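Structures given as structure tokens follow.
In what comes next, chain A is part of two complexes: it sits with chain B in the first one and with chain C in the second one.
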Partner chain A sequence: MPNFIMSYLGSKVTPGEAGNQFWALIYVLIIFAGVAVAVLAMNWIERKALAHFQIRLGPMRVGPHGLLQPIADAVKLMLKEDIIPAEADQFVFWIAPLIGLLAAFTVYTVIPFGPSQAVSDMNIGILFMLGVSSLGVLGIVVSGWASNSHYPLIGALRSSAQMVSYEVAMGLAVVSAILMTSLNATGTGTLSMIGIVQAQQQQGVWFIFKFFPLGFLAFVIFAIAMIAETNRAPFDMAEAESELTAGYHTEYSGLRWSLFMLAEYAAMIAVSSIAVTLWLGGWMRPFPNLLHAPAWDFIFSLFPGLTFLGLAAITFVGVARMPSQSFFKIQRIGLAVFAAVLGFIALLLLVIAVAGRSADTSVAARFREGIDYVYWFVLKVAVFMYLFIWYRATWPRYRFDQLMKIGWKVMLPISLGVLIVTAIVGVIFS
Partner chain B sequence: MNPAMNSAFNAGMAPVATPWFFYVLAGLAVASGVAVITRRNAVHAALALIVTLLSVAGLYLMLYAPFVAGVQIIVYAGGIMVLFLFVIMLVNIERSSKERRFNRIWPVGLVAACALMALFVSAIVKGKALFPDRGMPLPESSNTQQIATLLYGEAGRMGQYTFAFEIASLLLLVAILGAVIMTKKKI
Partner chain C sequence: MSERTDDQTNDASNRALSSADRSYLDLDTSDKTYLDSNELVINMGPQHPATHGVLRVILKLDGERVLGTECVIGYLHRGVEKIAENRTYTMFNPYVDRMDYCAAVSNGLGYCEAVEKLLNVEAPPRAKYIRVILTELQRIASHQLWLGTHALDIGAMTPLFYTFRDREEILKIFEKYCGARLTTHAFRIGGCQYETYAGFEKDVKNFLAFFAPKIDEYETLLTTNRIWLERTRNVGVISAADAIALGVTGPVLRASGVQWDLRKAQPYAAYSEFDFEIPVGTNGDTYDRYLVRMEEMRQSMRIVEQAVNAIPEGPIMGKVPKVIKPPVGEIYHSIEAPKGELGYFIVSDGSTQPYRLRVRPPSFVNLQALDIMVRGLLVADVVAVIGTIDIVLGEVDR
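After this line comes the complex of A and B, so read on.
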């Protein structure tokens, strides 16, 4: 048994490809825990950032700077009474949040955090991701119907119409990126998520910059469509709170409601990682081909540690700026402990980066490599997650007819044109 | 874990195509397929149909046809079923659930089902002569590429099914135009 567990450690493929269920399960658990923590953090950051956009303070009371607010919210939601309306369709009402959650979390099996840092590498990876993430809308549609109430039903109808129309433009944008993967010596493209990133590595360019502005246009179309797909502002017609109270989840409360939120944020991370994989070079650090000397490798491998060091420094500034009344004593100690934890993580990452700087096959070198890959991938996804908040704070909600007009009359023709021109340019220049 | 399984894992063998997966998926497909035609509530029937489609996608995966499985999920489970539910939600379920479910053409349906069944049985009985024993051993990694080669050809040569594929796409285009013209009075 230990042999079976250890045998994977030296390999350079994903656990799914190596047929190692044990490590696949470990990866699944790590990803699940990571996404759950990311959703909690995202919850706090969204409230804080939105508040600061509107010159408010945001949550300040629960923990220093409201850091414990998401945990308090989670506890509240779990303890809240779980109400199923009497006229609702019990079974469908019960299963709807689970459909959304399953769809949102299943796609994480193929997200490539690194060349071997994924649960599995399917050769239909991107197809699988698009397909399964499009199943998430079933949860929304079915929940709106099962509530047996007007607002949820309208929200569900809007959501399904919106999802179906934006999926077309999204799919065409993805196809134009997949076309670019075939512009190599063998002339064979790939649908595998890991293969798509490796194709960008071989061609020495992120697909967002390939055939400028074609790659960029496809990326912009995808970036717009993915907001519509995840029902986020300014396309959050399905839960437009000023018109439909809360849209499809009006009748939900407590834990079931929180499952919807969890699914929404997990889906946001998932579509962001599709965009990162297809256009922004996935796990690759900036300029991997141009600056490929070992010294550059070392400098870039310091980034994870330095990021955490920066976070720790910001937190220490927060400790120093805390009011000096005795009322804030516990909060100050708590924030100082948090800063110390961040500093410890930074130290650990820096030690790993220094210990594994030679490109041999030692455990430290492997760890450093893995941390680098995951760091750059997560950083790129984090930029998208911040953009989601930024959009929400900046733009007012679209009207439904405007939404449909943009989807069918602007984005679809542009994405078709980009696809055709990409194919022509690809044939000419290959 | 027994030693035989252990060695199988170490050899890198992916134990996907076990009979248990087949029985579970096939049983799920049949059970939910029966539920589709017996549920009085149209939304329940649609949900059961989604389960059927997904388990058939799983069967395609077991046959080493990942591309077909992916397309099945995207097109049927993701796209068409959302439209189905969209339409069903606009129908008055209270009234439609009280209507007679099986109307007078059921003998025709029975005959058709029996004929299809007979076709399948004859294919299984005579199958040894008609088809190779295990089918073409498709390597999983190039299934999508093989489909592309058959449809579009490679290295300047026309594929085996290019003509049929183009005809089918033309037919679909005509159908799309027809749908637009029939629904829109003024274009």
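After this line comes the complex of A and C, so read on.
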């Protein structure tokens, strides 16, 4: 058994491809825990960032700067009474949030955090991802129906109308990116998520800059459609608070409601990952071909450590700026400990970066490589997550017929045009 | 749910529908199934985030399209008009603040002027100027509140916080002047009770300088925003003829292209002495109403600036007897409140208490236009239109 476990360690492919279920399971657990933590963190960041957009402070009471607020919320939601309305379809009501959650989490099996840092490298990865992530809408529709109540029903109705209008444009945008992967010697493209990033590596350009502005246009269309897919502002008509009180999850409370929220944030991370993989070079650091000297490798591998160092520094400034009354003593200590943990992680990452800088086979080198891949991937996704918050703070909400109008009359023709022109340009250049 | 409670629910919803309107909402009470493929009748409110209080709108929907609406009001009814019959004229003065609690100063101005007209006394010039300054500041504050909540209804969260930040400065001036922020009771019959505090003029001028760039800040977020344009243009259109027929007043009427502002049409207080314009819209849609109110804030600033620069010296209280006993008679006096024409009709029997006091609240009358404006639109537009009419339920129900 240990041999079976150890045999994977030298491998350069994903555990799914190597047929190693043990490591696949470990990866699944790591990703599940990582996404759960990311959702908690996102919850806090969204509330803080939104608050600062809106000249307020946001959560400040639970823990220093409200850092423990998401945990407090999670505990509160779990302890709440579990209500199923008497008129609801009990079984469907019960299963609806699970559909959404399942759809949001299943996509993570093919998201490539690095060339071997994924659960599995499916050869139809992108197809699988689009298919499964669209299933999330089923959870919304079903929950609206099962609630047997008017507002959720209208929310579900909007959600299904919304889906048909953006999915087509979204699919065509993805196809134009897949077309670009076939611009190699053999002339065959790939649907594998890892293959798509490797194609960008071989062609030496992120697809967002390929055939400018074709790649960029496809990316923008996808970036708009993915907001609609995750039901976020300005396309949050399915839960439109001011219109439908809470839309499809009006009748939900407690743990079930929190599952919807978990699914929503997990889906946001998932679709951002698709965008990063298809157009922004996935796990690749900036300029891997232009600045390919080992010295550059070393400099870029310092980034993860420096990022955490910066976070630790910001946190320490926060500690220093806290009022010195005894009332804040515990909070000061807590924040200082948090800063120390961040600093320790930074130190660890820097040590790994330095230790693994030269030798290509040592354990430290493999670690450094893996950390680099995951770091750049997560950084790019984080930019998207920030954009999600920014949109929410800035824009009013679209009406659902207007979204359909945009989907069918603006985005669909553009994405179709981009697809055709990309094909023509690709034929000319290959 | 048992059969019995089912009947009760249907009875309750039937009772809410007045017999005249039952025909077009056409609730089939014999049908016990729900979620069928027919029209959907849903209750929006009285507990709803976007009905600005306790307004209940019964919507009849085909999918999301609105076939008809009915407003059910009265959830905030406090019998203000009846209370007036049991209070002396002076005692009733603070009650009017509680009608449109977002524009308490304007309410007070209307009431005080109506009683003054009945008594045939006039407030001294200085009092009139103070009244104009505070009323126009109140108009700005009311429009700020409207803008924030209206934008929030349409989904833009951020303007709400900006407008509340700036409204705070106005409320501070009110608090310094009369000690209250919301229900101010700023004026008395015959003038003002309080002389302006030291630094009042400076505070007002500071506010004007502070606020001028803030309006532009609101406008950068909304005026040319594509989504805002799509959500407000051609939404809730009401023609000038319809508006006049329904008695709609205020910015809603002006956005339809009717240049009707009581400050110009029948000047009261000291308005005839100031130079300002009446912004008018052309299409009568939600976007025009937005533009009209934004421009009104600018015009109000102009009025305040002129008034604060020319504020005369002198007494602030007219010759009003200690016990107010108006002669037998009746009077109707109306002012241009932030939301429209606010009128007071007072019948005096010569005693210390009004025989009858009737308020013509702008929100109540303007709310009638809701049905005309939203028919054929979508549910999302209903909240936009409720926001754009700018109702305050305290005033609708009184």
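Please note the rule applied: the second predicted complex is superposed on the first by the 429 of 430 C-alpha atoms of A that agree within 3 Å, B and C clash if a C-alpha of one lies under 4 Å from a C-alpha of the other, contacts with A are read in each partner's own complex, and residues count from 1 in each chain.
Assume a residue touches a chain if its C-beta (ideal position, glycine included) is under 8 Å from a C-beta of that chain, and two chains touch if they have at least 3 such contacts.
Worth saying up front: this structure is predicted, and the values here are computed from it rather than measured.
Undergrad: Between chain B and chain C, whom does A:Ile428 touch in the aligned arrangement: first, second, both, or neither?
TA: In the superposition, A:Ile428 touches no partner, neither chain B nor chain C.
Undergrad: May I ask you to decide whether A:Leu127 touches chain B, chain C, both, or neither, giving the answer as first, second, both or neither?
TA: first
Undergrad: Which of the two partners, first being chain B and second being chain C, lies in contact with A:Leu244: first, second, both, or neither?
TA: second
Undergrad: Looking at A:Leu153 after the superposition, I want to know if it touches chain B, chain C, both of them or none. Which is it: first, second, both, neither?
TA: Both chain B and chain C are touched by A:Leu153.
Undergrad: Scan A:Tyr398 for contacts with chain B and chain C and give back first, second, both or neither.
TA: second
Undergrad: Which residues would you name on chain A as touching chain B in one complex and chain C in the other?
TA: Overlap of chain B and chain C footprints on chain A: residues 153, 157.
Undergrad: What does chain A use to touch chain C in their complex?
TA: Answer in residue numbers: 50, 53-56, 86-87, 148, 150-151, 153-154, 157-158, 233-234, 236-237, 240-245, 392-402.
Undergrad: Which of the residues in chain C end up touching chain A in this complex?
TA: The touching residues are 1, 34-35, 40, 42, 48-50, 61, 63-64, 151-158, 160-162, 165, 221-222, 225, 227-228, 230-231, 378-383.
Undergrad: Sort out for me which residues of chain B touch chain A in the complex.
TA: Checking each residue of chain B against chain A gives 1, 6, 9-10, 12-15, 41, 43-44, 47, 50, 66-67, 69-71, 73-74, 77-79, 81-83, 85-86, 89-90, 140-145.
Undergrad: What residues on chain A touch chain B, complex-wise?
TA: Residues in contact with chain B: 1, 3-4, 7, 16, 18-21, 89, 91-92, 122-124, 127-128, 130-132, 134-135, 137-138, 141-142, 144-146, 153, 156-157, 160-161, 163-164, 167, 188, 191.
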